[in-house]
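Same chain, two partners: chain A is paired with chain B first, then with chain C.
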Partner chain A sequence: MSGHSTYEPKTGIERWLDTRLPIIRFGVDLGDFPTPKNLNYWWTFGAILGVCLVTQIVTGIILAMHYVPNATLAFDSVEHIMRDVNYGWLIRYIHANGAAMMFLAVYIHMFRGLYYGSYKAPREVLWLLGMVIYLLMVITAFMGYVLPWGQMSFWAATVITNILGSLPVVGPPITTWLWGGFAVDDPTLNRFFSLHYLLPFVIAGVVVLHIWALHVPGNNNPTGVNVKSEADTVPFHPYYTIKDAFGAGVFLILFAAFVFYNPDGMGHADNYVPANPLVTPAHIVPEWYLLPYYAMLRAVPNKLLGVLTMFGAIGVLFVLPWLDRSKVRSMRYRPTARIFLALFLLTCLVLGWCGAHEPDAAVIPGVGPGFVLVDYGINTDVWLSRLGTLLYFAYLIPVQLFLPLFETPLPVPESISTPVLSHPASVPAGATSAPEKKG
Partner chain B sequence: MAGGLRKVEIVRRVGRLGSAGEAKGEFKLADTAASPENHGGDDPSRRDFIVIATVAAGVGGVAAIAWPFIDQMNPSSDTLALSSIEFDLTKVQQGQQVVVKWRSKPVFVRYRTPKEIADAVAGDHANLRDPATDASRHKPGKPQWLVVIGVCTHLGCVPNFGQGPYGGWLCPCHGSVYDTSGRIRAGPAPQNLYLPDYAFESDTKIKIG
Partner chain C sequence: MLRKAFAIAAALGLAAAAQASLAATTQATPKDVHWSFEGPFGRFDQEQLQRGYKVYHDVCSSCHAMHLMSYRNLGQVGGPFYDPKYPNPNDNPYVKAIVQDYKVADIDSDTGDVIHRPATTADAFVSPFANDAAARASNGGSLPPDLSLIIKAREDGARYVYSILTGYQPAPAGLTVPANRYYDPYMPGDMTSFWHGAGPAPTGGFIAMPLQLTPNRVTFDDHVMATPDQEAKDVVAFLAWASEPHQSERKQLGFAVMIYLVIFTGLLYASYRRIWRKVAH
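Moving on to the complex of A and B:
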């Protein structure tokens, strides 16, 4: 992919195949891919996401063997999977928790990109493809959540499809078109099932492009400094296959802890109540990984503007490579930017917390809603969500544009090897390899 | 040098347990043991052990997780729960059969006439492909009730009642001929129609499965 190839076919069959379909060469080149030698464990989340995607596809194909996409049978078929199908409970719990684990991994993967500036030139397309994957993941997860046809499924489908109805003129016809009727019903369930089965393969296709786009410039690394020579790299295999395998192993332990000890911990009890189009549950919330967007949607008192804010929150991430004016990639050398990123992470967590609570719930309990500003008391979820939404966009637009004008970055090393060889003490743990340090 | 000496000791201990492959590793180690730069991390025997242990744990893990993914395709517990049914024999007229669905397959419950029974008994001495007496194909004292699985033993079609030269069944797919005892008499099928597990609960009621 980057032009190098050390593969030399040894047998006649390999030579014959190499001139017809150089698939062995392809595999060997992937294994030999020169990778920065200083990647830390945050870089294992790419491989972890690969494991997650394969897990979701395999368990999903199995669930589709037993699931019935029909409004009258869907809920029962899920219970059939849970009670009657051999190990059905295990496979469904892996799939349901796997979705949440995949979002956990993708958020860590994205924050790693934000921290080390992995989205900056020449990796903009890599970042864009990653954002496309993320968007597809959100859509796929939403449609999957509808399939069990419980109360939360049904009302999530109703609320989300109604979001599109807020668009002027085209909104209502689009909603009807999505539903295939006058409300969420059997036709909606059927098409969601079809698309939920399709989209993971689309994701897999975009992942291939994502990896291709990764292999053209090569990996970023914790210093953010370009690879200068072969001394800065090691072959991907065995150095990073083993590191990724170890990272994935640790991740799978956490995954298994959820599957076996708290499989419904991230779900909602109401989704074990069959869908009822006549009764909305008292308190409906999306899955945790979408809560920040939900908080933003509710923070804006105008329906259309709320929807635009929510989509804008994802949309602005697409243009991040062009908003960020800093020439320094890694925040290891941007102490001020690091503080802002930490605040941004906190903002996302606070928005998630807000999304999980009622709009008029008190932020500080026992104090009351406080002084009423416009529509709600200032000690309410809504006002905290509004603050959070403001800070979210503030970080992604003005901070990206103007912080580089004021901050003073630390000196950036000449190459990946320089800080390791000259200042071993100044390098954070994980960036050096053990043998040199021991001596 | 102290580190190097300690390592040689470890190698000796491993070497005693070791196979030919490990002995090879020991030889390599002897070369590197003299270097003070090494602190045990390059011990090839230890590496072999780690590799083998990792691969073994990996293979075990994959096998453990593969089994649920394979077993999910086997009949589920609700399917198995439907594996036995009861049938009221008064629904069948003499000289006719009723087809019952059992485990998703047809079961022929045939109320045989005295002539059909006599024909079947006479057939006991014919040159049978899958030898069986008529008495072995019905419950003792109940020769009028023949209960067979209505699936041709050739390729799984359902034979038609009362057709064929023996008055038993004729399979429409490839012309297998069964007699009034459900035994294969001509055509490609290798075996007689199978008998399901069943028992008389009373004179007029059987339980299949």
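Moving on to the complex of A and C:
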């Protein structure tokens, strides 16, 4: 951890413990950690994700007490939780919606990093660890989706595991190994349950590394300017504990609205039909948070290349710190980059929309598929997905490499305090009664 | 009516038009019905649940199982026969009376023989068939789906099931209806290969269940007129309750949680403003 420790053991037992296991010092230092004073609400999503992870682990442990990982019993055991376990319906709905809420939070957290350049030196390792957490979240969420053993569970497992089978040479044996047999069945369910229980603890471990890597360079901030003096910072506690708590409160209101009033809104009706290997649902779709990747997978006519594109879409984010050539961290001072990032966000949303629809669905309804280009009409979902995939990679590779050569950034402030002090809301006259403005 | 069904299907817009081109599976948009149990403050009407259970008991249960339901559920909080005098549903006299009609397959613990013992309130609903194969054999090869979760297992399930039950229509001229199948525009299906008339194939599909809900098919104990529409609405309400028996409890608890969270978050905001009041940022 950076910065010097201000902890002074006061009692004999504290001094005794401090020379053996300075755990109190550790806690105090975490609380005192100097944090830029200009962090806005987008910075609360780190703490919100911590709340989400703990919620998922606690509810998950309780669910595991009642769930039975057996292909013939799993579906009914979930319904047993819904019907007979005291508040089982609440625990399960929190867990199921909590996964989606955690992805919502992680996407906001990642876009905040993209906007304010939080992945740039010296925070590359912090970003890499974050990407590892995200990848683990995707795997964990996918395995969790399989556990209720409904129709979508079973067929999602079938589609995703078959995707790996397209890898040359190693693909088929890997698939058989994952299945524990020659089709998705009881052994698959058992190992997915085991891993679904394990991986959240791995995530928790990587989160510790992520926070460690955060505490070495310290937080980035909306200006992207390094902390210059103590005047730029406030102690983490109570300033950011309270701000994060407020952010988490607002987030929990949205979370509770889903849990209590639309608990199946993000799910699919087919998953209340028990898994049936002999009946394929009309439309197999993943949960909303994976739809953009699903669209990319289907955009490429070749299965192997589609798989590589899909994995590449996540992989390229890992190397983003080295692709971005801009010296300016925060997009607050990069108006052109801001437009590109907005287009990138739009691209991701459009890809998500594409992933939810059939590949040959018309994009503009009532016009027909239009001129057939190669395999599909141009007014189809698949061509929009292809455009989206192209724009996705265009933003992450050429735009990152070459935009800095052409853009003119705005002047960057000297320090964090400079723009703060010239902020209209904090003009010294009547400063005591001036309303606080978060910038 | 069929013309109307077409118009509705056309109005489905993007989704329907898109899907039609690939699978050609079509179905009419479910009828618009208002349910008392919808919305954040929706509640089940207990009398309607009782009538709905009667429809299930007298009509549906001869073919459709509900294996996730137990008799005791009928007397639990929010259930059709809940009575505050009997907090333990196993003591509820209605529930105890209902189970007297059922026998449950079991093993005699003294002899090991297969026996049929009287059902208890703790038993799951007795299924009409011993297994799926027996169910198919008795129903022309079709499996009557278990109804425990039917409302949650279909998109817009309450309207969908209501529409299927009340949507039977004589097959239009030019449509070849296979033996033991019935035409219902609200059933998803692809009529292309059965259609020999002019124009596009009709919307909807075939269903193996004949029309069930006819006038006075059941006699309601509260003297509500047993019209097909009433019977369908009541049984759908019962099935919606059975799909998630705790849903009213969920909404009630949700209301308290939302109020709590709003106040709590308001206090957090006030604390936040107070703590930060001396920091220029």
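Basically, the second predicted complex is superposed on the first by the 420 of 439 C-alpha atoms of A that agree within 3 Å, B and C clash if a C-alpha of one lies under 4 Å from a C-alpha of the other, contacts with A are read in each partner's own complex, and residues count from 1 in each chain.
Criterion: a residue touches a chain if its C-beta (ideal position, glycine included) is under 8 Å from a C-beta of that chain, and two chains touch if they have at least 3 such contacts.
Note that the coordinates shown come from a computational prediction; the quantities given were computed from them, not determined experimentally.
**Student:** Scan A:91 for contacts with chain B and chain C and give back first, second, both or neither.
**Tutor:** In the superposition, A:91 touches chain B alone.
**Student:** Regarding the shared-chain residue A:65, is it in contact with chain B (first), chain C (second), both, or neither?
**Tutor:** first
**Student:** Check the residue A:12 against both partner chains and state whether it touches chain B (first), chain C (second), both, or neither.
**Tutor:** The answer is neither, since A:12 touches no partner chain.
**Student:** Between chain B (first) and chain C (second), which, if any, makes contact with A:282: first, second, both or neither?
**Tutor:** Once the two structures are laid over each other on A, A:282 reaches chain C alone.
**Student:** Touching A:357 in the superposition: chain B (first), chain C (second), both, neither?
**Tutor:** So A:357 only meets chain C here.
**Student:** Touch test for A:270: chain B only (first), chain C only (second), both, or neither?
**Tutor:** second
**Student:** Would you check which partner chain A:411 touches, where first means chain B only, second means chain C only, and both and neither mean what they say?
**Tutor:** In the superposed model, A:411 contacts neither chain B nor chain C.
**Student:** Touch test for A:168: chain B only (first), chain C only (second), both, or neither?
**Tutor:** A:168 sits against neither chain B nor chain C.
**Student:** In the overlay, work out which of chain B or chain C sits against more residues of chain A.
**Tutor:** Comparing chain B with chain C, the partner touching more chain A residues is C.
**Student:** After the superposition on A, what does A:366 contact: first (chain B), second (chain C), both or neither?
**Tutor:** Only chain C is touched by A:366; chain B is not.
**Student:** After overlaying the two complexes on chain A, where does the chain B footprint on chain A coincide with the chain C footprint?
**Tutor:** The overlap between the chain B and chain C interfaces on chain A comprises residues 83, 90, 438-439.
**Student:** Taking the complex as given, what residues does chain A use to touch chain B?
**Tutor:** So the residues of chain A touching chain B come out as 58, 62, 65-66, 80, 83-88, 90-91, 434-435, 438-439.
**Student:** If we count contacts the way the header does, which residues on chain C are in touch with chain A in the complex?
**Tutor:** For chain C paired with chain A, touching residues are 13-15, 17-19, 21-23, 25, 40, 67-68, 73, 148-149, 152-155, 157, 188, 243-246, 250-251, 253-255, 257-258, 261-262, 264-265, 268-269, 271-273, 275-277, 279-281.
**Student:** Quick check: in the complex, which residue numbers of chain A touch chain C?
**Tutor:** Checking each residue of chain A against chain C gives 37-38, 76, 79, 82-83, 89-90, 93, 234, 238-239, 242-243, 245-246, 249-250, 252-253, 256-257, 259-261, 263-264, 269-270, 272-273, 282, 357-358, 360-362, 365-366, 369, 381, 417, 420-421, 423, 426, 431, 436, 438-439.
**Student:** Touching chain A in the complex: which residues of chain B?
**Tutor:** 37, 39, 41, 67-69, 71-74, 76-79
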